[in-house]
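What follows is a single structure, written as structure tokens, with notes after it.
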Amino acid sequence: MDARVFVYVAHSAGTIDDTALELATAAQRLFPGSSPTAIVAGSGVDAVAREAARSFDEVWKLDTEALAYPNAELLRPLLVKLLTPGSMTLLPHNTFGLDLGPGLAVRLGATYVPDVVDADGLEGTTLKVVRQEFAGQVSAHVHCNVANGAVITIRPGAFPAAQSGSASGQVVDRSTDADGIAARRRFVELIEAETGDVDITREEVLVSVGRGIGDEENLALVEELSEAMGAAVCCSRPIIDAKWLENSRQVGTSGKTVKPKVYLALGISGSFQHLGGVKGNPFLLAVNKNPKAPIFQSADVGVVADLMDLLPVLTEKIRQGH
Amino acid sequence: MDDAMVQRPFSPASATIAGIPADLLFLLVTLVGVGVFAWVIWRRLEPLRRARPDPRLSRIPERLVMVLKYWLAQWRQPRYMLAGVLHIVVFFGFLVLAIRATELVLLGIFEGFEMPGLGGGLGAAYHVVKDYAATAVFVAVVILAVRRGLFRPARYAVPEKLGKDHTPEALLVLGLIGTLMVSESIFEASLFAAGAGSGHATALTLTWAFERLLSGTEVPALASVNLAAYAVHDVTFFAFLCLLPFGKHFHVVTSLFSVFFMRLETGTVKPVLHGVPDADLDHLESFGVKTFEDFTWKHMLDFYSCVDCGRCSDRCPANRVGRPLSPRFVSIKARDYAFEHYPAFRRSAAEPSPLMGGIYGEDEIWSCTTCGACEEECPLGIEYIDKIVDLRRGMVDDGNVPQSLQKPLASLEKRGNPWGKLEKKRAEWATGNGSGTPVKLVENGETAGTLYFVDSITAYDDRMQNIARATARILARADVDFVVIGTAEKDSGNDVRRFGEEMLFQVLKEENTESIRAAEAQRIVVSDPHTLNTLRHDYDHIPPVHHVSELIADAVACGELTLKPMTDPSKAYTYHDPCYLGRHNGSYEAPRRALDGIPGLRRVEMEGNCRDRAFCCGGGGLMLFYEPEEEQRMGVVRVQQAREAGADVIVTACPYCLTNIEDAIKVAGLEGEMEALDLVELIDGQLEREVEAPDLVELIDGQLEQPQT
Amino acid sequence: MEILVCVKRVPDPAENEISIGPDGGDIERDDLVYSVNEWDNYAVEEAVRIAERTGGNVTIVSVDDDEGEEVVRRQMAMGASQGLLLTDEAFEGSDGLGTATILAAAAKNGTYDLILTGAQADDGAAQVGGMLAALLDWPYASVVNLVETNSDGPLRIGREIDGGSQEINEIETPCVLSIQTGINEPRYVGVRGIRKVASIELPVMDAEALGISAETVGTAGAKVRRVDYFVPEQRAAAEMIEGSTEEIADRIVDLLRAQGGIR
């Protein structure tokens, strides 16, 4: 494999994102033996670049005021200018990566390989990956011709994060290349998601409820159980879309990331978007009516049951135990 | 007449007021009063002239019966006993006093006027009756005023967002009626006190009381009292008349017409536009009611006739559980709109404004389960379901449909059922896991005298498939040769139509009609009252439709079905009337007879909440998918009513009721204490399990001979 | 504002259980019900609302075979005045870039101020919008959950970013936006709505009409090729508790207590 491999290092609040280390793993799985170059873009990112240098042999630093907020429209022409033709570029498949990636691939004349969840290796110029379709109901083996390079987005959580090494990579300052960049899309402001009355990101025991609860009224059963357990209630996206709970209770990639010790998933099917928000490897107990629900693949303990039957009994037993 | 003139020492017509001949003044009052009244009525009719057509002149004899029953006999009034009886008193008082009031008006213009035919004995008798009538009305009015003003029954309350309380209007009108009664009585009493007429006022009447009060008064003073009483009565009378079309007391004028034109059927839904056949619906520019003028004239008349008595809302399950719907205000808000946009003395508003988002909210209109409790209760037969359906048609036409309903509607269109389940699985309940009874399918080319139309929820829902299997076993046991359509059966569309998606309903109806005809059956049996209702009322040219409960009741009565006694006679059973079996199709007794056919079954009634007053379980069809704002579930209220009646088991005869009630038992935390069953499940469990009867064997053989598909 | 909305016909996930066909080459399609991709439905609604505010027309475009007509018409019934079906045997088997190339040719054929796509479709790639923008050299924003129009000035848009926050941007037109669900409440299209647009002529364009050389699109031009579908082996599946409701509840209580889940 001769092509150069680049990894985009996302960061926030001065630390590199989990996804950057996951991309490092993915780079090794996709292109074994490669030595990826990390790209750290932003404003005042010395520390981040140094941190990245512990995991990557080479780090390109793009440090300029204009990139204070990672605007894909600004970054894309810059990367087109910097990246070696025919190189392999790895991005996280999140709302930043899918903002940047497709256009970048077109601009580089590279093949776009989106949302990779697993790697089957590289044969000549054919990159073999695994993707998911139909909301994760089926997987697909996908072969990509990467002769002219590729832009690859990696699903967050699909690859384990590489151990943050202690190697000291070289930080190369490419900031001058960013001089005079401009875009027809300008970042204005960030409207933070509300925190709400309960900060689920700080709770150790969470009772999480999904579409399987059926009716808004049934939430009362969940709340009673949660109260008996001394836990907090959170939920998956359909509950938010139905406006049954406030946004601040949503766990998932489009909601909060939680790190509880115990996670009781009630009527949650277990999409990756939801489980992407559950970190810290909690004890996961799932209750679902559908024995085929994907959640049972991720759970430690599963129960196939009707919530309406189980919850009142469970709540009562917990109350009695006190 | 001469006698009367001679006997009267004074008379309003011959008096003078401030030097002006009183008869001229009273003539003026009359002309102004009648003129204003006629003008206002003319103006009130303007929106009705702009309204949509509504042919209501068919079946006149039936309509006259309605008038006799609901208008004259005040049939529904005693359903609320105190208010009803008081209303009957006032109503009949008004009928009696109408003659007297007319006579009085003319008496002020024509000296010594007397109603033709009311001289002599008849007149004397009439006077006795009307004195008592006036007294009774007065007493009733006082009680009503105290009740309204002091005790303030909850059902008259006006929620803050819907404007001011209506009590002042009620009290004003009661005051006017009281004034009429008193002034008429004083007028009479003053004549008696002056020795005019023969003898004295009828004992224990208002007139009698005033006569005693006035006795001994000098004749000139009595003449003034007489004139003043007359003038007060005359002016009050016309004030009252002209005030009627400005508020809820318009019903005094319109109720007769509302009742005459009332709907003669239940369970039906009005066509999109009267006079437009289904085949031409595609040509219509717009569907349903979007502006006030899209209502039919009869529906506008309903708005005028609403008395604000609150009985509809008192009985409305949606209102009861805190959904944003109160049928009373559907009428009141529309009437206020009509008065505002078609004012009596100003120009009408130029542009009609949209009703949705104006006087009505979307959630309000989607909240209705079409249970019909409001219409059952309204003393004047005001229609609500047709209006709600028309408003929904308007919203559907504008694409304004809650997201929660869009999926099931799309699935109904594509797959013929609201869950989007595969067509090929529609008859799996019968062919798959052990129904115990082989079932013939039309799609296999089989026919039979009876077609069992299963419908979506019963065909697909794991729990409700029990109903289908139990029905099949009961039919087989009762020697009924029946057939099921199979994969070609579509949702019957009862609730699709009632949710306003008329064109989708038409598609479903067309496809089902074809399948039904292909079955060549002489009758249709259903286990779902929604299916019963729509096949019976919305479909054309198909065989007669029966609910399985009727068959069971008849089969038990004539011994075709024998039922085992209950094993646990301590349990109490109550029957929940499904709205579409009971109120909409009048079948209250058959299911009860079927239940009573089980030896040893102890049945209790949810008194006050049964039969035509049954409380809706939460609604069927698309209502299962709608996510209403509510404080409580209807089903929970219903389960509590059953519990209060002492029931352990709620028996119903509708898969939707069963779904809602079973859920409600869980929500109410009464699992293990109460249970719900469908009638067919209960009956099926009590069938004597004999050795296969020959006919059943035949049936099985017939099935085995069918080619395997 | 002249708006082009790109839509895709997909198996409706709510109405179907996706299973894999016998040879693994495709999913079982016999019993599938197709409808418009959910995200695209929001995009069409948003386009119609923008056109209602600013004037102008909405055009629905789809790369599909004849079967696509139904979906294009259904979306037109939401309030679009025109539709366009891009059909050619050469288009079959297109990867994301192929589809974007076909759509870009159609976009160049008209004069549009704004192109909307759904944020993603059934394959979860979320790629066509961004590629289309790059091919047209227009600015792009993905997962858009707010669009505000100003007279003449740039659009003010919101992007739903990870963590549920909203990133507000200004973007110049013409531009491409990929629309996230929840941006609006799409209107209902019933049988009647579809019949109303049934008589509107739906132009169909093939590769030649679009000026696309066949080898750049379809299977011929695809650099990304799906080999087969499969269901991944279940890894470390959960320990399943069975029994009566009582027994299950008892076991759950024990487990939760052991794990510190009851406090």
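Things worth noting here:
The chains carry the letters A, B and C, assigned in the order they are written, with residues numbered from 1 in each.
As a convention for this text, a contact is a pair of C-beta atoms (placed from the backbone, for glycine too) under 8 Å apart; a residue touches a chain by one contact, two chains touch by 3 or more.
Predicted model only: the values in this text are computed from it and were never measured.
Of all the chains, the one whose CA centre sits at the greatest distance from that of subunit A is B. The interface with the greater number of C-beta contacts, when B-C is set against A-B, is B-C. The distance from the centre of subunit A to the centre of subunit C, each centre being the mean of the chain's C-alpha atoms, comes to 21 Å. Subunit B and subunit C, compared by their mean Cα positions, are separated by 47 Å. Between the Cα centres of subunit A and subunit B there is a gap of 57 Å.
Shown for subunit A are the residues in touch with two or more other chains, namely 309. For subunit C in complex with subunit A, the touching residues are 11, 13, 17-20, 27, 96-97, 100, 120, 122-131, 133-135, 138-143, 154, 156, 158-172, 175, 181-182, 223-232, 234-242, 245-246, 248-250, 252-253, 255-257, 259-263. On subunit C, the positions that touch subunit B within their shared complex are 12, 14-16, 31, 33, 35, 78, 185-193, 195. Taken in their complex, subunit A has these residues touching subunit C: 71-73, 93-96, 98-107, 111-115, 130-135, 137-146, 183-193, 204-205, 228-231, 241, 247, 250, 253-257, 261-262, 264, 283-286, 296-305, 309-310, 313-314, 317-318, 321. Interface residues of subunit B, counted against subunit C in their complex, comprise 281-282, 287, 396-401, 403, 405-407, 409-411, 413-415, 420, 422, 424, 501-504, 506-507.
Contacts from subunit B toward subunit A in the complex involve residues 404, 627, 633, 663, 666-667, 669, 671.
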